[in-house]
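In the two complexes below, subunit A is the common chain; its partner is subunit B in one and subunit C in the other.
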Partner chain A sequence: MKILVCIKQVPDMESKFKVDAAGTWYDNADLAWRMNEYDEYAVEQAVQLKEQAGEGDITVLSIGPDKVKEAMKKALAMGCDRGVHVSDDAVSSKEPYQIASIIAAFAGDKGFDVIFTGLQSQDRGSGQVGVLVGELLGLPSVTTVVDFNMEGDSVTAKRELEGGIRAVVKVATPALFTCQLGLNTPRYPTLPNIMKAKKKELLTIPVADLLDVDPRQQTAALFFPEKKGGGLVLEGEVGDLADQLVQILKEKTTVLS
Partner chain B sequence: MKALLVAEYRDGQLLGSYQELIGFARQLGADCSMFLVGSGSALPAFEGTLYLADAAQVGDYNPDVHKQLLLSVIEQEQPDYIVFLHSSYGWDLAPRVACSLKASQISEVVEIKDGTMVVPVCNAKLRRQVTPNTQVTVLTLQAGAFGLAEPPTGSPEVKEVSTDAVGPITFTGYEAAEAGGVDLSKSEVIVSAGRGVGKPENVSIIEDLASALGGDYGASRPVVDSEWVEHNRQVGTTGQTVAPKLYVACGISGAIQHLAGMKKSEFIVAVNTDKDAPIGEVADVLVVADLKQFIPALTEKIKGG
Partner chain C sequence: MKFELSEEQSLIRDTVREFAESEIGPSAAQRDEEERFDRALMFDSLAELGLTGIVFPEEYGGAGADYLSYAIAVEELSRVCASTGVTLSAHLSLCANPIYLFGSESQKQQYLTALAAGEKMGAFGLTEPSAGSDAGSTKTTAVKNGDGWLLNGSKIFITNGGEAETYVVLARTDKDAKKHHGISAFIIDKGTEGFTFGKKEQKLGIRSSPTMEIIFENCLIPAENLLGEEGEGFKVAMKTLDGGRIGIASQAVGIAQGALEQAINYAKERKQFDKPIAAFQGISFQLADMATQIEASRLMVYNAAYRASAGLSYSQASAMAKLMASETAMKVTTQAVQILGGYGYSREYPVERMMRDAKITEIYEGTSEIQRLVIGAALTR
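Moving on to the complex of A and B:
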């Protein structure tokens, strides 16, 4: 069984963001980077699928500058077998259709049985790439997956709908799945597996070899939202803060009376 | 300018979110028509053409069938915009339609600014103004971003549509949300734990404050996904919607799905180490502190009277 899992490296969302010089994306300097949270579930599901099947070969793919190899190494240490790094220093200016086209161009003749992606990225958050890859490859895609079970070439997946309701669907492979939070519990790579991952194949392909389409949209501007409301911000020593808050709760609410 | 609005229907019900689509179209100044796989006995209130496929005949959501129906309506209607909600339905269907039309898709629109769409970036810490390069644009709207002051009125002119398309994905049934046990909607005080609690042992800090305030404790999605708190205490889109007298959000960054479940609370206190966390947008008071130190100190003061 051939499995592809697509991952993205994103900044830690608690970072202090700045707008870049062009005014169209965040400044990449001074950020801590990690694997997109949704993609961790995708990697874990790929590894679990291989473990359950007792066989399989997992390719992890990521697009971006050299530093995305850090996220790929984590995926390899979690259990992916090989990495494909699509080298692109300008990845942040690529829109979802271009990203999907790059992945589809790579995957087109590889015969993957199962493809996993995250539901969305934490930074751009378009939620489009997985479905677009499926459409471009002519494969069925199942989104917002919170439960995955494969028997033979048939997958039963649960899709998360609003209000915690789940829709149960069946599909035959080859197929693509976009992973929602809570699908599984992503493992932490162990030290021996981190060491082993260093010896795994990590192929680099220049993005120009795979990208053959023009962007369908562009970013006109990136900016900070206007602060609405104007809630009170309290900072200082913990004991003082607790006193201040108790006073506020006494004045503004009835819960302490 | 023409907009085709894609309303939603699930398990025998027309979803009220169709009103947000109309609110958006009015702001955009577009003429609108609507598409619905639903029922003639639950029609949206709206003046215009409604392309209606019968859910009883079409069956529950099947992406390929809905895509084919929608493409045939688009062919007739020739809209400039095709507008979905940024919901599980829109998430799934919009990119399929955009791909077939070779159209640009702009996801999770929160605002129209100078005629162009604005979307959130990085957990709503930033905003992005996006311009399409294509004639036709597919949009998904953030839930709650475009409301109407008054519910819409009128009755649509119904045009029935049908298809014999089938797809490779088979729907086999719905699974209900885990049965409750804790009904947070009745609580006057809710103290909720977010990812900032750090580890499961720290949930007791949150429980202690809730108990000192005579309330209940809840949690955000990541804490429930990590199984530190049971699902029947989850606040947000996929959990419960609450509006207590006091809501204390501890270590919760404020993803839109969480905000949607608690922003109507009468008084909101947020405790977070990140001063820029989006929870600050809805909080009456933001305490910038480590909850592991601050919450026990607060609990002591409250117990001490």
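Moving on to the complex of A and C:
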């Protein structure tokens, strides 16, 4: 079984973000980087699938500057077998269709049985790349997966819907799955596996070899919304205050329902 | 010369940090309060990550990483829980390492592989009631008895004592030899007849790490449990402590780093006189000094660890690193308590625990005075 996992390196979301000079993306300086959270679920699911099947070969793919190899090393230490680094210093200026085209151009003739991606990236958050890769390869995509079970060449996946509803989807492989929080708990790479990861194959392909589509959209501006005015001050007796607060929590939040 | 971690070292730092923050940190305050060692959490889970044998070759069940990776791991654990940091340091530096350095092949197969895999936990017995800094005056005896050695005496302040399965213990094998020469090292299994445990220490800090007296009363061990040459035990002990100091220095850096982060966060949020206290130079200068001293200590630890891995001499470097880092930890944690004020003094915040934990780093594995003695002696030799 051949498995592909697509991952992205993103800034730690606790970082202090600044808009860059061009005003269309965030400033990369002084940020700490890590693997996109949803992609960690994707890697973990790929490794679990291989462990359950008792066989398989997992390729982890990432697009970006040399630095993204850090995230790839983690994926390799978690159990992926080989890495494909699509070298691109200008990855942040590419829109989702271009990213998906790059991945599809690589995966097209490789015969992957299962492709895992994150549901979305924590920085761009378009949620498009996985599904577009599926379309470009002519594969069925199952999104927002929170449970994954494969028997033979048939996958039963649970999808998370709004309002606490879940859907069960059956699909035949080859197929693509976008992974959501709750699918699994990503393992910590062990120290021996971190050391072994450096011996695994990590192939670098220049992005120009794989990209041959023009952008279909462009980010015109990136900005911080203006801060909203002060909070709401409730007044009255304690009992009334509590009632008002409960009402607000019910109406405006999901804390109470 | 390169002041940058390798990809593996960076990944090890990220992994251990994430592990420490998610798994070890949340219970640190409560374990301290209850003086409770949680073996599943503080040792078994480290074994699962491959930390218990991090520096040893794969053939002995280790991860084959370098001393710098080890230093990073101890720092990251200690940043959230100094007790967990010292559990690993005592196990690896003080027990597994002398067996790796001085053990016979069969001792390595029997003991090191189990220690590296974390199937067994290690401890080290050197200190006695009347032999602390003066380790040469060891009174525990080991007398040849048929095909083995008969041990009598006791060792105190033994980190991991009672919990560990494997002990490296120093005992006098020649009463007539000059102080440092008549001492030998032995490997002793928990459960050996005549090997018992005394009282558990009630301590100021690292309260979640067990510290116990170990007692030998006509404890007979096999001849093959002699570690290194007969009469060379003092050398074994000194070499062991050279490595141990890297562990303790890393622990000190971790404690100090943890306290600094607490102080920074607090100073940015705490408002007095209508502005965050971080905006007052009196506070920000303190934070600057704390961060600078920590960075200096960390680089000294890295240097000592690098030298150990590169096969260069490192007694001087590790003594200096341990002296600098431990005194920095004490200073920085005390300042962190001061910056948090009343909240810092309260057990609701972690900095008082860090201050209590920091103190031991100036004492164990050679007090600051002994470090100065070692460093000074080498300078004026």
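Everything below uses one rule, namely that the second predicted complex is superposed on the first by the 230 of 257 C-alpha atoms of A that agree within 3 Å, B and C clash if a C-alpha of one lies under 4 Å from a C-alpha of the other, contacts with A are read in each partner's own complex, and residues count from 1 in each chain.
The definition used in the following text is that a contact is a pair of C-beta atoms (placed from the backbone, for glycine too) under 8 Å apart; a residue touches a chain by one contact, two chains touch by 3 or more.
As the structure is a computational prediction, the values presented were derived from the model and not from experiment.
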Subunit B versus subunit C as contact partner of A:54, first or second or both or neither: neither
Touching partner for A:138 - first (subunit B), second (subunit C), both, neither: neither
Partner chain(s) touched by A:69 [first = subunit B, second = subunit C, both, neither]: second
Partner with the higher number of touched subunit A residues, subunit C or subunit B: B
Partner chain in contact with A:34 - subunit B first, subunit C second, else both or neither: second
Which superposed partner A:111 touches (first subunit B, second subunit C, both, neither): neither
Subunit C residues touching subunit A - in the complex, by the definition given at the top: 7-8, 10-12, 14-15, 18-19, 48-51, 54, 58, 62-65, 69, 73
Complex contacts: residues of subunit A adjacent to subunit C: 34, 69-70, 73-74, 77, 188-195, 197-198
Complex interface listing, subunit B residues touching subunit A: 10, 60-61, 63-64, 86-88, 91-92, 94-96, 98-100, 102-108, 116, 119-134, 140, 167-178, 188-189, 213-215, 221-222, 224-227, 231, 234, 237-239, 245-246, 253, 266-270, 273-277, 280-290, 293-294, 297-298, 300-302
Touch list for subunit A against partner subunit B, complex: 11, 13-14, 16-17, 19, 26, 95-97, 119, 122-128, 131-132, 135-136, 140-144, 156, 158-172, 175, 181-182, 185, 214-225, 227-229, 231-235, 238-239, 241-243, 245-246, 248-249, 252-256
